[in-house]
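Here's the structure, in structure tokens; my notes come after.
As written, the chains take the letters A, B, C and D, and residue 1 is the first residue of each chain.
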Amino acid sequence: MVRVAIVGASGYTGIELIRILNQHPQAELKIITSRVQSGMRVDEYYPALRRHCDLAFEDADPDRLAQEVDLVFTALPHQAAMDFVPEVLGRGLKVVDLSADYRFQDAKVYEAWYQPHKTPELLSQSVYGLPELHREEIRASKLVGNPGCYSTSIILATAPLLSRKLIRHQSLIADSKSGVSGAGRGLSLATHFCEVSGGFKAYKVAEHRHTPEIEQELTRVAGEMVRITFTPHLVPMSRGILSTVYAELLDGANASLVTDAFRFFYRDAPFVRLCGSNVPTTLQVRGSNYCDVGWRVDERTGRVVIVSVIDNLTRGASGQSVCNMNLMCGLSEELGLGAPPWQP
Amino acid sequence: MVRVAIVGASGYTGIELIRILNQHPQAELKIITSRVQSGMRVDEYYPALRRHCDLAFEDADPDRLAQEVDLVFTALPHQAAMDFVPEVLGRGLKVVDLSADYRFQDAKVYEAWYQPHKTPELLSQSVYGLPELHREEIRASKLVGNPGCYSTSIILATAPLLSRKLIRHQSLIADSKSGVSGAGRGLSLATHFCEVSGGFKAYKVAEHRHTPEIEQELTRVAGEMVRITFTPHLVPMSRGILSTVYAELLDGANASLVTDAFRFFYRDAPFVRLCGSNVPTTLQVRGSNYCDVGWRVDERTGRVVIVSVIDNLTRGASGQSVCNMNLMCGLSEELGLGAPPWQP
Amino acid sequence: MVRVAIVGASGYTGIELIRILNQHPQAELKIITSRVQSGMRVDEYYPALRRHCDLAFEDADPDRLAQEVDLVFTALPHQAAMDFVPEVLGRGLKVVDLSADYRFQDAKVYEAWYQPHKTPELLSQSVYGLPELHREEIRASKLVGNPGCYSTSIILATAPLLSRKLIRHQSLIADSKSGVSGAGRGLSLATHFCEVSGGFKAYKVAEHRHTPEIEQELTRVAGEMVRITFTPHLVPMSRGILSTVYAELLDGANASLVTDAFRFFYRDAPFVRLCGSNVPTTLQVRGSNYCDVGWRVDERTGRVVIVSVIDNLTRGASGQSVCNMNLMCGLSEELGLGAPPWQP
Amino acid sequence: MVRVAIVGASGYTGIELIRILNQHPQAELKIITSRVQSGMRVDEYYPALRRHCDLAFEDADPDRLAQEVDLVFTALPHQAAMDFVPEVLGRGLKVVDLSADYRFQDAKVYEAWYQPHKTPELLSQSVYGLPELHREEIRASKLVGNPGCYSTSIILATAPLLSRKLIRHQSLIADSKSGVSGAGRGLSLATHFCEVSGGFKAYKVAEHRHTPEIEQELTRVAGEMVRITFTPHLVPMSRGILSTVYAELLDGANASLVTDAFRFFYRDAPFVRLCGSNVPTTLQVRGSNYCDVGWRVDERTGRVVIVSVIDNLTRGASGQSVCNMNLMCGLSEELGLGAPPWQP
């Protein structure tokens, strides 16, 4: 059994981790922390969890964590993660960090989009936790930077075609649509029911912070500097991300080669399901760790249109972090993540 | 392993059964049938099920069922169930019927609200499949009539107080609110997105067919003829039922006795969670087999107000039918139903 | 032209008033105030209003109001209204107050449910602003306490039958369901999209503050002390209230007399539409000042079930306040409120 | 007064037309037709319309129309419009056709995407009913092909920049998201509440029939053959379209020139509101005839991202058709369309 803790467990990412770990046959959740909710039982805070988790939120104490657990999920805000992760890493624990703080190889890129980095020396040890791209490195790592939700959907939609050099890397445009839980459980007018329900909007056009991590990973895959235009949107639903990615086909590329590229790239991926021209809906992956991908070639314009869907809380955050835990602890990638999506 | 089939598997009840059985450690789904979808793979019809179920819909053949399975879930419309259930029952199979056809002890009551009954002689063998009321009889039965969704939520909210004679049985009013999946997957203007979204309505006021089964069960519990006023409503959400039940307290009854009655009645119920004065929301049981119940005494008017919530597809249909299968097959009531509710 | 101001105009009630007044042929909106948004143009705050309102929020100044307008809508929180209303009333202005502070005849009732009243002497001058009950008094009044949203829907559903003595006044139960805008635009976990969407809940069971104003008005109509049990619920939609009201029919009462009572009571009511046994949905009144009412007699239990629907922001607040303004200023009750409901 | 009829009035486009015409000071709705609902009063079919419209659906009779009205709105399916429009046009009536049948100049284009055209000779008389592009021709026309909903949002987002030659016309990509009412009131699994709610999907990727009319109009504006990649998506909401349009800036183009181009192009457009970098949400135009447009330049990639929003039933269909009626009948473009959008 892997003994684990969740630091910063009171938000949606935290409860999703608790839900998943509750069904995991080889993980035991020992400690959950929350600065604000410290002292409260989690099943009072989330009545859904009654009979599933009898832990109470505690303050985060690195020494106690080092005694009680093997691996820590840090679900803290950017910056707060940087302060805490070294504490537990230094005490020998493995860490899956769900913030952006350990997703980047190059501290300068992080600092250009976020703020000064306090532990840039750790970046060379950390691995970007997308199993389809970095499975072996994750297995060998003690620190994983769990990918952003949008990033997961866009990189998985694009990497196979860049890898095979079927698309012009300068032509990438990602138009993504997310459910509201991606904004977290904190209060803001932007997540007020009446400001969301019945409407649809774009936000952070051409300036969302997931852009540089997408570019980092696609650049690695392509072997060339990739720049994308990325627009996130807010859908009046709780869970799910759909990314529609546009790219120009290079000369000689065609629908058949596109299909081959996807099949080959994901030949051993337990959590990617290929849909061909039946492009997927977010509902078919809700509550699961799947990324479903479909595509069509627009012969009239010479572009390929790729549609990928994930559950932003599962594959886009907590489910993927459990995948990473599995790999880091020598378990099967799929363990504890086998339940079917939620329909309807 | 219990080998099972689902007859009439293409609707929401069917897919919910497939989802649950996929995670059941001691049941094996062997056959799914659908007259209309016969020949189609279920994971083409419901892409969510890819990598979880590779069965194709077949026509329902009683002989083949008798060879291949031990128990059949019949998810057919009223009337069609009556035609089919005797076929498999006669071949020695156990049956959990999700229609109304085998919920009634008295064929006359059925016929007053539905249509003529073709196999009234089977009613004396069938058991009303609410484990909290009939656990032992279900264990011994070969034919279970799985309760209606509204009925489940209302009976569980009311039985403890009638049983203890704390409320005036003539005063019962049940005001229930259901998600749209209760209306099934068939097409009708009433389930068109634009006719539901952003609105709320009542329907079948004082004439819904779940009324007589609620009265049958509450009459048994009370030992007196119970009549209720029942109003169903439609909520713009996919899953969930909340029932608000009103009753006059009898002389001597009070909040403390009400609490005692609930605690005693459900002292051994794995799927009922008592919430006291923190009345529950449908979200806290979504995707699970729980019925959560809360209550308040209105001192000013001498009434008790009980609020119960279930997931209409899980506890209100497919989850409860798996409970019944468990009991009929000598398994633990809880088997395969242990995953936490879906949040958010 | 009636010159008007809205004090406390930045919330949903405020913007709904601006929307309605924008189409009113004989009212001119001169001033809008907001403590927090002071200085900001309303069409920056609500881009929907561009080309419809070029006012900026100001601080509320009684002297300036007295110079510029004839009537003030106060859309302030309880307590804040009590502080402000006397200021403008004393300067000769007419006031429609949308808080609860001037809805009660008896300060003791107010104080039992809210807090100490600072200007109890004004209560004898104020009129409860439900035109169907108090049309003539409103016409003659300078201070109107605009009814609560739930109260409006419940009183209109019940008054005709109490007036005709067709129902037992001790038997009244009101089960109401509201859209989220009723909770206002302020931030709280209870209105976070992910805590509302896909779910349904009850709240403030047997303790909601609209109870005493409903009882005050129904007691007047009935000529006997009326007590009700009232349960509010939250529907995942932005606008609308549906109230399902239950009452026992008195001896001799029947469906035909019930129908007669409704028809007679609302024979001259431009904003009440009777639906008979086709009980209404909230969608059919959305965006309008209508209250639609339907009913059914449950012969089996001797009860009548009444279903009434309103738009909580229009009839339940801002639309009704414009009705009151019309009456107080000698205009036709219907003026400015003639647009059809919003479908779909 | 302009006397008008709606042929094919029972769907969402029909009821939206009735709603708008009800508030129009110079139009009188005399006849509504529906093959299926013939004989039924519209306010029984849509109870929202009680006290607003007392017409009953009739069968469509060209002779009777010629006697009673001046202008006909045809809200028929493609193909059916082609059969009917010549009948009334030949009797001297003006026609605004809401199908695709009269949107194209070139019958071959229509036939490549739809079916054989029966009256290609009428195409030279018909005008594409987008006032911002064809105001004067609409004024002089007797037959207007009312634009598609997606087309309206995309053309208005793009025309100013093509007109000024600020963007590379080969680079246009339109990613559009629509509410469900765009699919009409007919029954299909795709509009079943449970198949839409809580999810998001793309459909008809690279093959939607609005593509050729967008290209026709943008080609006219650009003076060069324009080809676009267009992807429609379905949002779980009833009303609204948001289009995110991507284009490469040509050398020398920049944010300031982009802004100038929008301002100049829409300097006299009563129904286009420019939002600059505050990109709009669909909620801010709901229920109105506005198209709100915002944009941002992505300096990193040299692209401009334009976001336009409309209400698909108002600006995308019925509201725009009333605009066209106004122009065709010598009235002010804005008449009857002055009410503010619906918030929240």
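The criterion applied here is as follows: a contact is a pair of C-beta atoms (placed from the backbone, for glycine too) under 8 Å apart; a residue touches a chain by one contact, two chains touch by 3 or more.
What you see is a predicted model, and the numbers here were worked out from it, not measured in a lab.
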| query | Pick the pair with more C-beta contacts: B-D or A-D? | reply | A-D
| task | Select the interface copy of A-C from among C-D, B-C or B-D: the correct pair shares over half of its contact pairs, counted by residue number. | result | B-D
| Using the average of all C-alpha atoms in each chain as its centre, how far is it in Å between chain A and chain D? | 39
| For chain A and chain B, what's the span in angstrom between their mean Cα positions? | 37
| query | With chain centres defined as C-alpha means, what is the inter-centre distance between chain B and chain D in Å? | reply | 46
| note | Multi-chain touching residues of chain B, meaning two or more other chains, are 12, 181, 185, 194, 197-198, 236-239, 280, 283, 286, 344
| query | Inside the complex, what are the residues of chain D that reach chain B? | reply | 12, 180-181, 185, 187-189, 191-194, 196-198, 236-238
| request: Can you check the complex and tell me which residues of chain B touch chain A? | output: 12, 15-16, 18-19, 22-23, 46-53, 181, 185, 197-198, 238-239, 273, 275, 278, 280, 283-288, 292, 338-344
| note | Per the touch rule above, chain A residues touching chain D in the complex are 173, 175, 177, 179, 194-195, 197-203, 205-206, 227-229, 231, 233, 235-240, 242, 244, 246, 277, 279-283, 286, 296-301, 303, 305, 307, 344
